[in-house]
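There are structures below to look over.
Look at the two complexes coming up: chain A is in both, with chain B in one and chain C in the other.
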Partner chain A sequence: MPELVIDRVTKQFKNKIAVDAVSLRLHNGVYGFLGANGAGKTTLLRMLCGVLKPTSGEIRCNGTEISTLDGEYRFLLGYLPQDFGYYPDFTAKRYLEYLAACKAVPKDLAKEKVQEMLRLVGLEGEQKQKIRTFSGGMIRRLGIAQAILNEPEILILDEPTSGLDPKERIRFRNIISALSKGRIVILSTHIVSDVEFIADQVLLMKEGSIVGQGTSREVTDSVRGKVWEYLAEPEEADRMNGTFAVSNLRNEGDRVYLRIVSATCPCEGAAPADPGLEDVYLYYFGTEK
Partner chain B sequence: MDDKMKQEKWKLLSDEPKDGRILQEKKPPFPDEEKKSERSREVWRFPLDESKKENSLAAIRKAAEAKQLRHYPSFCVNLWNQFRFQSWRYRAAQGTVLLSAMLLSVWLNQNKIAGSDSIAVCSVFLVFAGNICFSGVARLFSWHMAELEQTLYLNLKQMVCIRMLEAGILDLAVLSILTGLTVGSSNAGTGEYLLYLLVPFLWSDVLYLHMLTVFRNGLAGYRQFSAGILCGLLALFPVILEDAYETQALPWWYAFGLAGALLMGTEIYGILGKIEGGDSLCLN
Partner chain C sequence: MRKIFQEKFYKIASRKLVWIGLFCLLAFVRYRLAMLEDEYAMTIGGETIWGKEAIVRDQELAAQYAGPLTEEKVQNIYEQYGFFYLNRKTGEQNGNYCSRFITERMTNSRQLDEPALEDIQFYQGADWENNAGPLLEDGLRFDYVYGWEDLAETYGIMVVLGLSVIFIIGLSSVFSEEYSLKTADILLTTRRGKGSGIWIKAAAAFGFTVTVFLAVTFYVWAIYLKVFGTQGLDASAVMIRWGSSFGYCPDTVGGFLLFQFWLGLAGTILQTAIVLAASALCKNAFLAVVLSLVLYLIPVVWLKILGPMRIFGYTATKAVSHFMVSMPVYLSMGWDFGFPADQMVMHLAIALSVGAAGVGLGCRRYRGYQG
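What follows is the complex of A and B.
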């Protein structure tokens, strides 16, 4: 079973530091990277895949630098990029067969594997269709199928559920949960519920650094006492919405229910509430006005 | 097995404990007795429990199935895989190039087109053939595939090398057809003739390879296509110059050939370096 060590990894593009001295130790389990756009999640994931080279620092798999492991490391890897690539003139089956060949899946096993994956992601009926005819959700499902085609020990998924409808998202979560045994699964998303349900460890990333890490409960507990509920008059609600980070707002009769994320009590009469992961997201990544 | 042997075996078995233990042998006091004991020692066999054996074998089978056995494809298998999954359009284009090379050579011979005209036509054809063959390399960089391909066991860098090799073989075949069938109609020797064809080809390939990683947005395809046309036109450039295919111009051809080869090497090295670094793959 692999162990990934990210040792003070930094990536700099010209004047911008995308990832800033990140250090992590990853064992078996699902790791969910949560962060706003531009937080450096994709850059870090690309470095973990070996697509990008770190400006400084090292990524080691079982004690050896991944660039030294080269093909041996890629043997262990399954990757779904954010901008998932495909040849539109290929059918789904041919595309997976092509990637199976490039992933060194033995030819006699590849056909069986391809069918298994198509069944798993619900594309068995569309396997002879050209990918150019697929919807966004179908393409994403195909992407998930290709990522797990070689039964990777390290599975890296960048925004895996973007473009999927709720039913597909639930199906995806179940696939990942079933796959997570004996593997390192790393996923980045800004869909909080994905991470909440399947991640063993939540990693909060902001401006290239890890600002929080722990189980879903631990991370949620870190903002306990910073989430407030308040029933306000409509005018007051408008004013508060402009002043504080509001994670929920709904009309209740002639008043407005507000869920506010704030380090201090936002107003007299506001009551502390149990925090959720969305509140955590807002606390770390929502700009408090 | 005769009856006597059966009886002896039965006797030996009946002397052994029934719980499967092997008795510690008592050391005979004298060497003669030791020899006798050696002779009488029988390899004790457990009676096989078939159900236990089946269970154990099933467990081993299960463990073996669960174990991920690695399969390392050979270079030839990788080469074949890259060829196997090419689009039919690309294969049709390759076939057309070869067929056209033959038809062009026959046409030039039949119409007795010789000298600089023949060289110019052949060099332009070789440039276009080269660009068509290189489109297999360009495909690897299209449709956002480069990033994903870089993470596969056979990664982008290796794929590019295989496709370049394949394009090179095809170009060589075209060059052989053109040279073999038309060199006789020219006053130039085979070496000179090859040089006249290869120099524009080298320079156009340098330009084409450069375009692969420079323009990688929505208009990339059009720009590369334009580059291909431009390369073809540049190959006609020597025709404008008087005495370009004369012996006194040969040093210039050698110089341009050498420079083209060096640039080509640098360009290939640069592309492989860009793939390794990854920045240009991801940012475009």
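What follows is the complex of A and C.
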């Protein structure tokens, strides 16, 4: 079972530091990177895949630098990029068979494995269709199929559920949960519920750094006492919405229910509420007000 | 491995533009040959014969004089058929292949501007010694080579240049498409993606160009063989216009055509390597096509414009010119330059080095792609 060590990894593009001295130790389990766009999640994941080279620092797999392991490391890897690339004129089956060859899946197993993956992601019936005819969700599912085709020990999924409808998202989450045993699964997303349901460890990333880390409960607890509920008059609600980070706002009769994320009590009469991961997200990444 | 090769080969081969280009090129060659056959005429006994029948008659006549050309044979041809005459205004002609050969190579017809038949006469004195003499002294083996002369022009220039452009279009996407489709991100994270997978891509590109080059060569030679048969392939190479007595040139017409083939193949292989490098350097196929075309045409610009200016002085200009004639556009037409054998070898060695560097650069660049 692999162990990934990210040791003070930094990536700088010209004057912008995309990832800033990140250090992590990853074992089996699902790691969910949560962060706003531009937080450095994709850059970090691309470095973990070996596509990008760190400006400084090292990524080691079982004690050896991944660039030294080269093909051996990639043999352990499954990767679904944020922008999933495919050949529009290939059929789903042909595309997966091609990738099976690239991933060095033994020839006698490849066809069987491709069918298994197509079944798993629900594309068995469309396997002979050209990918150009697929919907966004189907393409995403194909992306997931290719990522797990070689039964990777390290599975890296960048925004895997973007473009999926709720049913497909649930299906995907179940697939990942089923796959997570004995593997390192790393996923980045800004869809909080994905992380909430399947991640063993949540990693909050902001401006290239890890600003929070722990189980879903631990991370949630970190904002306990910073989430408030309040029933406000409509005018007051407008004012508070412009002043505080509001994670929920709904009309209740002639008043407005507000869920506010704030380090201090936002107003008299506001009651503390149980925090959720969305509150955590808003606390760390919401607009500072 | 085989699967990767197959898919990459298929991806290159499935480009419609490539097949449209090939179809147009081969259709043009076939049409040109059909026109040549249709308009072919020879006159014998006051009667003008056209088309395939004329070719057969000319071949029969030429066969009577086949073998080493002697003054007696030349005299005999002249006495039997006279000089060949072509009225350039009306297109009317009088003569056959044999009379045409002696008229074009041994008379003043080319020195005269629209000569009348009675103005044409054998070279005299020094002109004879310089022009006709070598043909008789060097043991020239005469035979009917009209078709091979046309093939040398069609194949050596039009087909090879046409194929170069087609290959540029077909191969420019080998690496660049992986960037633009964003498939590079996935492929480069696979077991073989950064190693053998890249070399297999390059191998598929070479496999495609060599296969197409061989197939087109086979087709073009086959249609000429169908019309002209095999007669004249063992005639002296100097019988055809480009068969140079200067520099390296195979002895026979067949040898010359093979020489053209090998040079064309070498140029194609080098062209493939250069396009692969361009493809790896560009983020999309269109840019790769533009860059490949620019690289393809630089030697022409050098030899036609910059070289003659000698802006770098004689020695450097000469060195650069040798480099430029080792590039695909001129390497494949090296048969037209009359280079000595040692220079040909040097050009091939330069081409090999550039080709290896091109493939190395392309593969390295693609391997290091970071988005």
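Note that in this section the second predicted complex is superposed on the first by the 289 of 289 C-alpha atoms of A that agree within 3 Å, B and C clash if a C-alpha of one lies under 4 Å from a C-alpha of the other, contacts with A are read in each partner's own complex, and residues count from 1 in each chain.
In this section, a contact is a pair of C-beta atoms (placed from the backbone, for glycine too) under 8 Å apart; a residue touches a chain by one contact, two chains touch by 3 or more.
Model, not experiment: these values are computed from the prediction.
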Clash or fit, chain B versus chain C on superposed chain A: clash
Partner chain in contact with A:Pro106 - chain B first, chain C second, else both or neither: first
Partner chain(s) touched by A:Asp89 [first = chain B, second = chain C, both, neither]: both
Which of chain B and chain C A:Glu151 touches, first, second, both or neither: first
Contacts of A:Lys53 with chain B and chain C, given as first, second, both or neither: both
Contacts of A:Ile17 with chain B and chain C, given as first, second, both or neither: neither
Which of chain B and chain C A:Cys265 touches, first, second, both or neither: neither
Chain A residues contacted in one complex by chain B, in the other by chain C: 46, 49-53, 71, 74-75, 77, 79, 81, 83-89, 94, 97-99, 101-104, 146, 150
Interfacial residue positions of chain C with respect to chain A in the complex: 1, 3-4, 7, 11, 14, 178, 181-195, 197, 369-371
In the complex with chain C, residue positions of chain A that touch it: 46, 49-53, 70-71, 74-75, 77, 79, 81, 83-89, 94, 97-104, 107, 110, 146, 150
Contact footprint of chain B on chain A as seen in their complex: 13, 46, 49-53, 71, 74-75, 77, 79, 81, 83-89, 94, 97-99, 101-106, 146, 150-151, 153
Chain B residues touching chain A - in the complex, by the definition given at the top: 68, 70-73, 81, 84-85, 87, 89, 139, 142-155, 159, 276-279, 281-283
